[in-house]
Structures are given as structure tokens and as C-alpha cells.
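These are the structures, in C-alpha cells.
Same chain, two partners: chain A is paired with chain B first, then with chain C.
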Partner chain A sequence: MYQGILGHGGRRYAWWAAFLIVTSFAVYWTQAASEPPSGGTWQGYGLGGLGVLLILWLSWLGIRKRSYRRASGTLRGWVSAHVYLGLTLPVIATLHCAFQFGLNIHTLAYALMMAVILSGAYGLYVYLRFPNRLVANREDQSRDDLLAELDSLDQTALDAAGQCDDGVYGAVCSALEMSTVGGSFMDQLLARDRSRARLPERGLVDNAQQRAVIDHLVERIPDTSRGGEAENLRALLRVFGRRAELLKRLRRELSLELRLKLWLVFHVPLTFALLAALIAHVVAVFFYW
Partner chain B sequence: MADFHIAVLGAGPAGLSAAARAAEYDRENAASQPTHVLLEGTAAHANTIQRYQKGKHVMDEPGYLDLRSPMDFEAGTREVILDDWAQGLKAIGVNMRTGATVNRIEGTRGNFTIHLAGGETVTAEHVILSIGTQGNPRRLGVAGDDSAFVQYQLDDPDEYADEDILVVGAGDAAIENALGLTRQNRVTIVNRKNEFSRAKQGNLDGILAAINDPATPLTCRYQSQVKALQLPTAAGQAGSVILDTPDGEETLPCHRIIARLGSIPPRGFLEDCGIALPNASAEALPELDGQYQCNVAGLHVIGALAGYPLIKQAMNQGQDVVDFIHGKAVKPVEHPLLQVKFGLLPYEADVDEVLALYQQRVPMFARMNALAFRELILESDILYAVDGRAAYTGLEKQARTLRAQRLDDIEHSRRNEDRKRHETGMKPKQWRDIEEPALTGILRAGEAVYRHGEYSTTFYTIVEGEVTLKSPGGPETRLQPGQFFGEMSLLSGRPRLGDAVVAPDTILIATPRRTMLKLMAANGEVATGIETVFLQRTLQQCFAPSLSYTALRDIARRVETRHFNRGEVIYEQGDSGDCLYLIRSGTVALTYRENGRSIAVGHPQSGELFGQLALMGDAVRRETARAAVRVEVIAIKRAEFLELLKRSPDSVPALQADTRDQLLHASRMESVPEASDVISFLLGRGLGEATDALVIDENLCVGCDNCEIACAETHNGISRLNRKAGARFAHINLPIACRHCEQPHCMKECPPNAIHRKPSGEVFIDDSCIGCGNCETNCPYDVIRMEYQAPPKPGLLQWLLTGRGHGPGEDAKAQPSKKAKAAGKKAVKCDACKDRKAGPACVQACPTGAAVRLSPADFADLVEDL
Partner chain C sequence: MLILLRKTRHRGNRVADQRDAELRGKHLTVGCGGDQRLQLFGDGVGAAHARVTPQSGGRLLIECTRGHSVSVDGQQARKVIIGAGQTARIGPHAISPLAPPAGFEAGIEAHIDADVPPSARQRLGHNLIPRVPGRRGLSYLLGLATLAVALGLPLLAVYQPETAEKLAESGIATDGLWTSGPLADAHHLPGIGDDCTVCHAVPFQRVRNQACLDCHDTTPAHFAQGHPVIAGFDDRCTSCHLEHNEPSTLVRQDDGQCTDCHTDSLQRSLAGALPVDGMRVDRAPANIRPVQGFATGEHPQFLAALVKFSPADGWHVQRQLLGSADSREASNLKFPHDLHLDHAKVSWTDSGASDDRALQCADCHTLEREGEHFRAVTMESSCANCHTLAFDDAQPNRQLPHGEPETLRNHLEEFYVKQAALSQRAGGASLKRRVPNVTSGPRCSGDVLACGERWADREMDKLFTKAGCVSCHEVSRDDGEWQVKPVRLAYDWYPGARFDHVPHLVGSLPADGNRCASCHEAGQSSDASDVLMPPLENCTQCHASTAAAGVPLQCLDCHSFHQAGRPLMTP
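Coming up: the complex of A and B.
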């Protein structure tokens, strides 16, 4: 029923890629005999031309992805080809330049290309791994359901805390208010918990994983005197336990979702830089060699 | 002597037009006193239209029909139309009484007594009943429920501010009102039950969130009812309400009460007036004769209540019925439409003769009233199959001439009307584009009207010639004039079984599903006729493919059809069984319980059997059968089953093989409980009735939303799928998007009949949508949105290069243009990209292959994947 990027069409593009690599090596080895390998031989030009075509075609994905009216092929097929053929580029480009590197525009283009490819490879890893993690993290609860459960937990907490003394009530309210999800970019990315709470006597404290409130409640339970109070405190304990869990899942979800997209922020601009460097490289070769 | 010659009840479009016509007669006869009266229950004319949302664009479908009424009507905003009618009422001199709710009608022609609420009576010789089908709002049922303190309608929630308001009801209308009011008021919603089970998902989520959110000024009283009212002492003051709650009585002060308790269908009213209804359904409509008269002589029923759900139709009937009462034999407006419909047939007869001939020729239609038959033909296509190229091209040529003539006629009559209006100083009419005339359809002999596997639900009746049904693996059945076919798909919603091939010189009436269903609802005889043949052919298909279906008539009489609503149990594991079931429509979920765990072991669909083991050796039910959606099953007992097998012994091996397959599938499902859970989830979400649903594998989905973007980009800027809001289970996400149901609920009450299904199965809405929102309400899966047309966006390159405007995908903040606003909101939903060669854009645009479309038949493959 379902087929992923790598498995598309019986891995047809993997075979294409293998073919490209073998051919490139074959072409490369034909030059050793006559003159030393370099980008300047006809083989070098050939490999270079192939590389440029590949890069242009790989960049075209940005347009193809948004050509929604196009009737040819599925985007999955395009991405599959993009990935497999993209991975042949390090080989083709390296053979093209015949391992000659330096501090010049040519090597800059090469480096940018490698950067695009590395970011792409990371992106592929993310695409393959993170969806499963998201599923596991969701535990069959849609985000709306999760938010609804959080809401009802908060309500339960307020109700229960209303029956307790002012200290507990204040602590609970502050913990609810100062629970955070998201925050700064880094906080989101790393799913950091910046929650805080205001406890009696101790003032503003760090409440990551709702630990501080939970500890506070735990300490209070043994020395309750009023009837029913212990029961309320234990209800609160359960609520905060569950809340910590839900908030953690929510943060993890946001972080995973962010990371699923973030790599493209490198992949795409680097592509533009690469295209610019590539033009410079080609112009330099033809006019100043 | 009666007070009036004609009393018209209900001032909707139908009633207005009738009363106006009656007023014209009065004027012609120079009557000193009006001999007609128009009684309207509410405070103003056309309550149904008054209740449309503000500024709604009212359409004048169907385009092929001309208006024939003293009152004006053309497409425009609700306000303009209501205004025109108000002026028309005055100008023509209609004798209207508002605030006159009719409770009951008594008597017959020449001698009717009309009882009004409040005890007054009015007498009349003829009564025209045009109260529509909206019904009257259900009242609170306590003293004071008719005072201004209680409102049964809320037009604009922002009209009130800083009030305490009680909303009574638990349906969508109550929830929407309550949520709207919380913006500026404090609201208490009173629910008779302990949950909001009737509401749509979106409203349900909304109300629960609002109840739980301490910041929203909304509270809920569950299991509570209004017991009494204490009316405010002066306008603007607060009154109070006494509620019956689980904790005893509670008194709540409030400024007003909004009661949204649904409406009482007019059925009860009709029965009280002695009007016979053909069957027990709440939506049953009275049977009428050629002059819209029901079984009570002199009592005429027109408009929506007569089964004509559009304004123009209602108005035309209004004029016609008064003409009838005055003894004028008018040719209905549709006369020329029928003329072209019959135009290519090889007869020298006029329309009425052809109609009479056809009605006589089909036993099932013979006893229908002429009016209903005429309507049936009007809504149907007439197909004519000819042999040979020459004959076909000859007809094609004739068709072109006929078409040109008809268009000419229309132009001509429009010019005449324009001139008349100009001379009498009326404002000129905005003519709409002339619609293609519906001519006789021509076929080549030997052609199939439908093919095996096609989705089409048209019902065919043969009036001349012959049709051969060729089912795969079965014998050929030849059908003669008077017989019909196509009822299987009509009733089950499943694709066609086999081809239907026409012989030379065959003439068919091809009736669309909606017309047929309406007819079956209104006419018991037609319903039984179709049902019986359906049963015979289904039994033949399943048990005796080598027999003729007519040979099964006696058995068909002895089997029983049963209905089960979604979730109802058909039989329970451990029961002893005495019959097997053949599914007529819908999907059944079979589950097996073991160690407290329930495992889905099968989901047979229409045309398939279940529970047959009870008659094949194991008398105890080994699983529970439950309706996954609303299902209809045919229960076959042992005696009939054995007889079927005896008559057709060669079908036994196939039956045994099927049963083996089912058992094998069941045992495989038991060994993969995860798969069974997924299938239970999908069935639980109504996928049993889907034919083409978008199902996303979350293990592959990267959340890029390219599917939604692609949808918007290929559908005028509005996405018809919502991925994020989809229901999730394990790694399956069921986005909110049309599933192209077997029997689309959305089609049920679409006034202009704008929802269709392609032979390949896609359910889609065409441009004639009038924006009434019925389909949005009727779709149980919440997939239809009412939207303005989205403004155009910059092209991809322009956006890429300049970064201006909204990129690909739906622009949630876009403001509709003036023109789009004037045209009004229309229903939009997924059409499965019916016109795209590459198939659904969502699937094509998914970069990871996570988005796939499937039907219950694919569930087995889904299991393979797990």
C-alpha cells in the first residue's frame, strides 16, 4: 500500500545512480594514460558537464515541487531520484576535478556543493527517522485532544487547589500560569522546559518537568491536618504528573516538527549560493583558463 | 357562504405567487371585496427566505425553467428579493394577514374551515397549502414560551451585549448560537442529556473547550430542562428561568432565552388535516393529482411541501394552481421542455400523447398521478438507440436543427417579455445565459448505457425495444418494454454489476437517483415494485446466477429486509443463528471477543454474505456483527437457503470457496491484532461506506502540508482537506476530506441537485450550488466547507522572484472580492481531482508517499503492510 522515498519504484533510481558512478569511474580511468587527469581534459569536461546538469536538475526540484498542475510523475518519484542521483554528485565532482583543490572559486563551488549534499543527507535522515518518533510521541492522541486534556487537567487542578490552603493554591496557580511550551528558538529546538513556579517561602523557582510543585506537594502530604486535604493534594499530584508528561510530549512534538523543516533552511539557500558559485566557476574556466 | 373563494396558507414563494394570481383575478373581475386571503404564521412574508443569512445571494435555479408568476423573481440578494415581493404584494393588492398561524384545516371543497392559533376561524371554498417543509420551531412547552422573552431564532449574536442569556438545546444551532453569544454576553447552555452527542465534531470540540475554559463566560447545565418561566416585568429587565436539574430545582435570572430545539416536521399537521401520506417516514410528502390536489377534494398542496424544493418551481405552481381552480386549462411552463425532450423520437404525437403512452406502457408507472409522471420525465433523460451510421448521423443533424429552433424560441419570448415590461414601465429583467436545451439523447445500437464497475445510479425504464444485461459469469438477461434495470446500484450505491446493452430502436427513460428516491418515498407502489425486482436480482446474483431472476419471485417474497443504524448489533457472539445475511447496502463490522479483547475479523460490504456458517454446520455465532454504517440486510432463513441451493446446485462450490476465504481472512486477522485495531479504528470512523478516502501513513508523513497546498492550488485556492485535524490512530491519520461515500449523504437534500457522481466514482458539486448549506449539515464527516471564491494569487515565478503575495496554498487571511461576496458562499469539497489525468493532486504532491487513497477493499493490503 505505502511506499517511501527510498523504496520508490523498486529502487529504480538507485540503479541509475550506480550506473552513473560506474560510468564516471570508467571515463575517469580512460584519461590516466594520455595526460594527467584534470578538469581540463575532454573527460574532465564531460564529467563537469554532467555535474552541472545534475546540479541544475536537482535544483529544479524546488520548482517541480510547486508545479501542482504538472501531470507527470509523483513528487515521491522525483524526490527518490533527487536523493539517489544527488548522492552520486560527490563522486562525479571529485573525479571531475581529479582531486585538485585549492583556495579558489573552483574549490568554493565544490565546498558549497558538498554542503548542500550534506544538508540533504541530513534531511533525508530526518525524513526517514522523525515521522516514526512523532507517531510514538503522540500516543494515539491528536494535538487537539492533548490540548483539551491539558485544559481539563488545569481545571481539575484549580478545583482541587481551591479546597486547599492559600499556600498550595498560590503554588498551583503559579505553576499553571508559568508552565511554558516553546519559548525562544533554541528552547523550541531543544525542547527545553523553562517552566517556573512561585512556592511559599522559596519564591520563584525552576519548575522543569513540574518537579518543584510535585516535590512541594509531596512534602505537604504527610503533615496535613484538615479532613480531605490529603485527598486533594494527592489528586493534585496526579494532575501534575500527567501534566508534566503531556507538556513534555508537546515540547518534543514541536521540536521534532521544527527539525523536520529546519534543515531546508540550509539546503535551499546553500543551493542558491552553489548556483552562484557554479556560474562563477564556469565563467572563470572558459574566460581565464 | 364562505368568507373567501381561495385561502392560501403560508406566504412563502409558492403562497405569494398563488395569492398574487388570485388578486389578479379579483382585479380582472372587479371584485368589491377580495375573494382570496393569504394567511402567514409569522410577522412578515416568506419566513424561510427571511431566515436566510443576511445578504445571502439567492439563486434562480433551475436555469432551464422560465418563471411564470405575477410576482417578480430573479437571482439577487435576499434583501432585494424580499423587498421586491413586499412591493409586489402591495402593487397587486394581495389580501395578506400576518401573525395568522394555521393549526388545522377541516372540511372539503366549497366548505373549508381554517382554525388559527388563538381560536379564530376562517372559511374558504378552496385551500392552497404552501407552508413549506421548514416546519415550525419546537417550543419550550411551558407557559410564556410564546412571549418575547423566548426567541426561537438568532440572526446576529453580536446584537446583544452584556446580557445573561440562556440557550436551550444541544444541536449545532444551539451550540453555534451559544458560542457566538459568549463574545459579548454571559451564557448558560441547557442540555437535556449528559453529552452533546448530536453535534458535529467541530461544534462539539468548540463547546467542550468553551465549557472547560474558565475565561469563556459560558457554563453548561447537563441533564436539565426548563420547568417554568418568570417573565420580565418590563422590557429590558431580566426575568428568570426555573430549571429541573439532577440536583433539584434551580432558578437562573436572565435577560432572554434562545431555544434551539429543532423543528417539528409538518407531518403531524398534515395528518391532522386528514391528508393521506404514502408511508411512515417523517419526510413523507402527500400524493397529488395533476392539479396539485391531495386526497381531500379542493385542498391543493404546492411548493416545497409538494416536493418541489426551489423558489422558481414553487412560484410557477402558485400561479398554475390558481388558474386550475379558476377552471383554466393551462399548459405547464415545462411544455416546450418536453417537446424538445421528445423531439427526436420517431412519433407524430404531441407531448401529452407520448406521456400517456409511456405511462401506460410501464406497469409500475401506470397508476401514478399524471403530474408526478410528468415531473419524472422532466427530470429524466429520454434515450433513443438507432442502428446504422446513416440513421445516427441523420438524428445528429436533426438534433442541431431542433436545438437552434429552441434557442430561437427562447430569445424570441425574452424579447417579447422585455417589450411588455418596457411598455408597462416595469424594471427590465436581467436574463441569465440560456441553458443548453435537453434534447432526446441518441445512442448507437449495441452500445452499453453503463458498464461493469462504473459508478452510476441512474435508473432505466424501457418503453420500446430491448436491453440485454450481461453480468460477468452469469447468463444474459433480455428485458422488454415495461421492464426496468439499474435498481441494484440505485439502492446499494455500489458500482454496476455487468453491462447493459441496447438493441436497435430502443427507447429508454433514464431517471437520476434523486428523482427515483423522491418517487419511491412518495409512492408506495413504485417502491415495492422496485424492491421486489431488486431482491430477485440480488438473490440471483448471489445464489443462482444460472437461473432467470423471475424464477426467484416466490423466494424473494419470503425473505426479509432489515435495517440497522450505525453501531447497532445484528447478532451477538454466542447467539444461536437461524439465518444468513446478504448485505443490501452498507458495511458490517465482524468482531470476535476473546480474553476481553475484541478483534476485527471482517468487514463484508454490500453484495456480500455473512453469518452463513449458521446454515452451513455451525449453529452458534462465533463473532458479533454490527452495522459499521447504516446498513440494510436481507435475512435468509434455512428453508429458503436450502431451496436456493436446490434450484441452483452449481453455485454451492463458489459459496463454499467464499466462506473458506472469509474464515481464512478472519484467522489471519486474529494473528495480527495491530492490523485488526487499525481496521476497527477505520470502520469506527465511518470508512465502511467510503469508496475513496485519503489515508496518511504517519510513519512517512513529514508534515510538509504539500498535500493541502496542492489541493488548494488545483482547486481555486481553497483546500478541501485538513490534515492536522484528522483523526489519528497508531500510525494512521484520517484527514478531514471527502470519502466519496457509497450513498453520499450530502446529495440528499440539495435543492438544485448540484451534487453528482462520475462513473469513475468521484462525488462532486457543480456550479449550480445555491449555497444553502444543506450538504454541509448532512455530511456526517464534516468535509464540506461553505466558502467565498478566493481572490486570484500571483504566479509561482512572480512569488519566487518578488516574494510578494501569498505563496502556493490556501491563504487563510484572503479577503473575498466584492464580486465574490455578491455571489455568496458556495459549498466546496474534495472532488478527488476528477478531471486530472494524474489523479488526486494530494497523492501526487506528497514527497514521501505518505498520502494514499483507498477504499475498504484495500484494507487487506493495509494489513499486509503492518
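Coming up: the complex of A and C.
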């Protein structure tokens, strides 16, 4: 699917983009011998008009992708065109403005456009790379499978802990109850582990990677006296080792999913700002013609 | 508050196990979320389902979060107080007050259905959704903010100038944000550089000529009044004068602004030809030849302004192509440049120098400060250093008047009458001076006046036919009187063009010291009527329209669009 975006239709839109770039350069160079290149020559207006049409069409993807019954091409085709034609805009817009920049709304529109394109390029990167990383992270285990295994591990832990003394039981229960995934936005983004556990005599402690409870269980093994208690503790150790691994994968998956969508938080609002700046740019140019 | 929390796990009707825990705080949070103090799982249990707060008398206040409830005695309630013997059901589980043992201030018993397995999905569920910040609000906010700054503020300057002025005083830019590039330096003037509407007077209309002419009201146009081309010519100032460009050029530098029209041959309006140095132009080619650029074949041969004289019309100018048969100067002077530049024939010794040298162009021709034209060569400034106007060997300091032909005869008559008188006083003795055409010493034995007039006539004849005036001047004899024909040297050979000599004085100095000769072939000119202006081909040895072909030369490097003397530009 992701490779399909770039390879769609035999890279048809890559050829379109190449054609647009070559044509833009050809148009730009026709003005080099006549007068200082700028957005105010007929070539400049032409390149600017092309840029505006492209931006409007590229923005339309936000609407098109919500219309599942449209007959005008596949969504994959639209995205492929969106990517390739979007990447022509830095060239077209730079030639349109003829490398003239300043502290004004025209350069603001250019800067916003570049920000949109950069965020889009990052989006393309994560679309191409993150699905593979997600798949690798799951290790052939769906999220449902992973959660079911967690449930099973928790039940095993509770049953084993029920055979142990109150100290172990309380530590295990608290570790199960206070194991966290996600949390705040930054916790999700950075896959932070804010798990805690309440241990005898130590109270509430950090239990990242289930380390605290595992250490506590390890410390308890030499003190076992009741029959079978050591075996229960070893079973608990296996459970928490596995839990730590599963929770870590869950956090990593959550982080990847968040980053897979996060670029849109920049891409879409910046596109709105770009459209606003573009309106102002066009109005300004012709208002003070 | 120290609370005893008793967790009793039930499997069916039996108690699987029971554990006590101490809590410090005012209440107990209940739900399936990982952050809840009492985690319960199963259908009907929310992530943060309820908060249980011990009350006086061993009662419990149970407050459910939005969308959740507990069941007490078969009644659903979001907020309820239960006392001893009552239970509040949360999904498959229940909560009831517990009489606190000694040391505790409150007690809560949780009846947990142990057959409901722990659910990671329930515990983590709401945390398994990526917390992606909302885009819609941010999009609208950014879009509107951009519109306000990029469109609203500048429009204030147009429609609410007072408000814009106050904002500007606070350092908030308004329509300055719309500028597409810096103004040319010449326009950084108060009232112009800080007010867009001075030039952009009407919204959505291109800058009008009137905006320029408000200041540049003495700018001449390109055409003579009534020229037939005017009707079809777009003479908007902004066609050629571009603002807000980088680099700032202000004037178009390309040839297109000229060759757009001049690429075809255009009819010349002789009647509208501008005077040259105050002289009327009475002859010129009927058409302006086509121009495509500056190269041989692209640019016509130069059209020299030749000074002519006729008794009927006086001094006037004829425009002739260089190299044509008629391109001869008619200054009424005789001057062989080749003779004067030949060291073997003419030499000069500078003051304090031991050796003489050949004459150089700059000995006679002095460049004006503007670098294009030369000061007029005069007898007094250039020729008189070698050529004196002495006519009497005995009195070499006695000079004939120059440039005053009407007084010449009087001057000679006065001189020779005196000589005749002196001869008579000496008893008819021979004069020391040789009188013209008299081989022996002249004597005047008769009327002194007649002798003086006769001798003056002889001197006049000599000056106008053999040596003297006739050496340098064209002369004539009208009604028996010798006349020096009027003299006028061309000052501006190309009134429609400009040329700066100074940057062209480059390269190694020739052995004869005459750098000028690399363009002006004075050394091969034996006649003053030779036009020594270099032809087009001389310039195109170095210059071309494009940098690739030579030193680039644009039309405006030599020609001006606005020609002094033309009617003024119109709005």
C-alpha cells in the first residue's frame, strides 16, 4: 500500500511532476534575458497561477479523501498525485517569486507553503517507514492477541500471588493495577513508562519495566519457607518479565501510531494558514497593482 | 484519613480470598483504569467509574462520573449515600461500608467477582488511543489569524488610515506587509516611501502615469507632437520603470523596450527632429532603420550629425550614415590631421623637455568634464602656439586680427599707410620690410594714402591666395572683397546617443602616445572634411547585446527614451 503511493500507475504523477518542473524552468528562463525575473512578469504571473491552482487542488485532497464513493480516480491515485505534484511546488513557487524574499506576506505565504510541504514530506516518510516498524513491533501478534495474553498473564499472576503472603500479594496486585501505557501526549509520544507499584515497607515506587516488582520478588525467593512458595514466586517472575516486554511493545506501538498521525496536526492547520496567506497574497498583488 | 480497604474476592458463593489494605486520603477512586485505587473489571465498569468518600456514622458517599451509575437496592443512582447493610453495585462487583477496626477512621469493603478476569483492554483502553491533538480548531485559528494579519491589517491602512497610523506608532506594520520588494533608493522620500497609496492610488488598478507625473512633471516624452506612432504606443511609465524588484533596477535594462518598436523600420519625422546645438536638421534618411540589438547586422550604421552651411539657410545639420558618399564635414576649415601627427613634419617641444615629440590629439582636443564631447578647438587655444598671425618680418609681434575679417583690411591699410608715410619722411628711402610682390625695396613717392591702400591690397591678395588665411580657411571673393567662409566645428556628432570616453581609455599606450588613434583614424586623414568618427564595426569589436558575445551593451547605455526638447509625458 505504502509503496503503492509512489509507484501508483507506473509513477505516472512523477512524470507529470517532472514535466511541470521542466516547463517551469523553461518559462522562467524566457524572462531572464528580457527584464529582471519577478512575479510581476507574464512568466511570473503564469508560474504563480500554476502554483495557486496546484495548492487549491492539493488542499482538495482533504475533502476528497473523505468521499469514498467518488468515481474520479482511486484515493491511492489522488495521494500519489498529491505527493508528486506537491513536491513540485517549491520549484514552481521559487521560480514564481524569482528568489525574491522579504519581510512581507508574500514571503509568509512562501514560508507557510514550505512548512506544509516539509510536514507533508515527513508524513510521507512515516507512511513509508512506520507501517513496517509497526509490523515488526507486533511480532506477528495482533493487539487483541497481545491484550489477551496480558489478561492471561494477569490472571496467572493473581492466582499465583493468592498463594503467597500478603506482602507479595499486595505488591503483585498493585503492580498489575498501576501498570500504565500511554498517559499524557508526551508519555505516548516518547513511550514513557510511568508504572508504579506499592511494595511492603517501601510504599509507592517507580515500577518502570516492572523492574521494582521483579526485584522485590527476586529478593523474596531466599526467604520462602512455605512449600511451593518459591515456585509461585518464580512463576510470578516469568509473568512480570513477559508483561514488561508486552507493555513495552504496546507503548512503542502507541508512539508509532501517534507519530503516524501527528504530522497532520502541522500539515492541515498550516495548509489553512497557507490558504489564508495565499488569499492575502493575491489580493495584495492586485490591490496595489 | 486512614481508611481500611478490604478486598473480598468471591468465586460463586464462596470467598476465594480476602485482603486488607491501608489507604491514606479522603476518598477511594474506583474503576477499571490503571490510575484507580480500586481496579475492577467487567461489563458496566468505567475507566474512572466513581469516587467513594467515607462519611460520618460509617456511611459512604458514592459519586459516579458522567455516564456511570451504581445500583443501590435496585435503583440506579449517580450519587448516593449508603449506610451499614447497604451495598452499591458496580457491574458484577459491589461496595459496602465496613466498620473500621481500631486505628482506622473509615472502612470500605469491596466485593470482587473473581470470576471476572482482569482486562488489560478495560484497564488501558482509554490510554490505547493516540492522543493526537485536534486539527480543526487549530486550522481555523491559524487561518483566521493569518487572514487578520496579512489582509486585515494592511486594509486598515487603506480604509482606516488613522487607526493604521496609531498601529504604526506602536510598531505594528500594516500595508508595509504587502510590499513585494524594497523601493528604489530614489523613492525613499517621506510621503512616498511610507505611503503606498501615493502611487497605488486606486485599488485594483495599475499605477497610473499621473502618480509618477505628480513629481516627475518635467519629464519629456519620446515622440514629437503628432507623431503617427503615438496612437498605438503604450506609454505607461510602468512599462519601463519597475519598482519593488530585487535587485532594484527602476529602469528596464533590456533591449526589448526599444526593439519592441524599432525592430521594424520606422518612418522618420523630419519636421519633428530636435535641433542639434541650436541648428535645424534639414536632411535625414526617410526611415529609421530597424534595430534588433547591438551587433553588425542588428544595428544600423551610425547616423552622424554633419554641420553644413549655405548662404541662404545659414548653419544647419544634415544626418548622414557614416561611410556614405555624403558624409563629409563642411566646417570651411582646412586641416590635414596626418600632417600634424607626422613627427617628421610637425613636432613640439614641451617646456623643460630636451627632446621634441610628435603632436598628440590631446594637444588640441580637450575632453569636456562630462566625458563625451570636446571643447571647441580655437585658433587661440590650439593653432596659435605654432601658427602666428605675424605678417611683417620687421615687426613679428604685430599680429593680424583673427576671426574679424571685416577689420582685417582696415588693419592692413592703417599699417601700410603708416609705412608709406614713414617712407616719404625718409625721402623716399626703401622700407626695411619687403612689401608684397615688390622685389626691391618699396618706395612711396606719391600719395601716401594711395601707397598704403595699394600695399594693403597686395597683402590681402597674398593672405587669401597664397599663405595666411587661405592656409586654413576656405575663402571667397564677393564683389571684389575677400571673405573667410564661416567656420563651425561639429560639437555633438550623435545627438541621439551618449558616449563616455573615459572608461574607453584603456589598454596599453601606443608608442606614439595616441591612444585615440585606436578608434579615430586621424593619422590617415589629409582632409578636414574627413569624418573621423569610428563606425559601428569599431564598437562591435568589443561590444555586443549579450555578455556571451562581448561586453554587453544595452540600448539605454547609449540612448535615452526621454529626449529633452520633446513634449512632456502625459498622464
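As a working rule, the second predicted complex is superposed on the first by the 284 of 289 C-alpha atoms of A that agree within 3 Å, B and C clash if a C-alpha of one lies under 4 Å from a C-alpha of the other, contacts with A are read in each partner's own complex, and residues count from 1 in each chain.
Criterion: a residue touches a chain if its C-beta (ideal position, glycine included) is under 8 Å from a C-beta of that chain, and two chains touch if they have at least 3 such contacts.
Predicted, not measured: the structure shown is a model, and the values here were computed from it.
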item	value
Which superposed partner A:Val181 touches (first chain B, second chain C, both, neither)	second
A:Gln155 touches, of chain B and chain C: first, second, both or neither?	both
Partner chain in contact with A:Leu262 - chain B first, chain C second, else both or neither	second
Touching partner for A:Val91 - first (chain B), second (chain C), both, neither	neither
Touching partner for A:Phe286 - first (chain B), second (chain C), both, neither	second
First, second, both or neither for A:Asn132, with chain B first and chain C second	first
Which of chain B and chain C A:Gly4 touches, first, second, both or neither	first
First, second, both or neither for A:Cys164, with chain B first and chain C second	neither
First, second, both or neither for A:Ala191, with chain B first and chain C second	neither
Of chain C and chain B, partner touching more chain A residues	C
Chain A positions touched by chain B in one structure and by chain C in the second	143, 151, 155, 158, 257, 261
Partner chain B, residues of chain A touching it in the complex	1-5, 8, 63, 65-76, 78-79, 126-127, 130-132, 134-135, 138, 140-144, 148, 151-152, 155, 158, 257, 260-261
Chain A-touching residues of chain B, taken from the complex the two chains share	205, 208-209, 212-214, 697-704, 706, 709-710, 713-714, 724-731, 796, 808, 836-838, 841, 843-850, 852, 854, 858, 861-862, 864-865
Residue ranges of chain C touching chain A (in the complex, touch as defined)	16-17, 19-21, 34-36, 39, 117-121, 123-124, 127-128, 130-133, 135, 138-147, 149-151, 154, 158, 175-182, 196, 200, 203-207, 242, 244-247, 249, 252-254, 256, 546
Chain A to chain C touching residues, read off their complex	33-36, 38-40, 100, 102-106, 108-109, 112, 143, 147, 150-151, 154-155, 158, 162, 166, 169-170, 173, 176-185, 188, 250, 254, 257-258, 261-262, 264-265, 268-273, 275-277, 279-281, 283-289
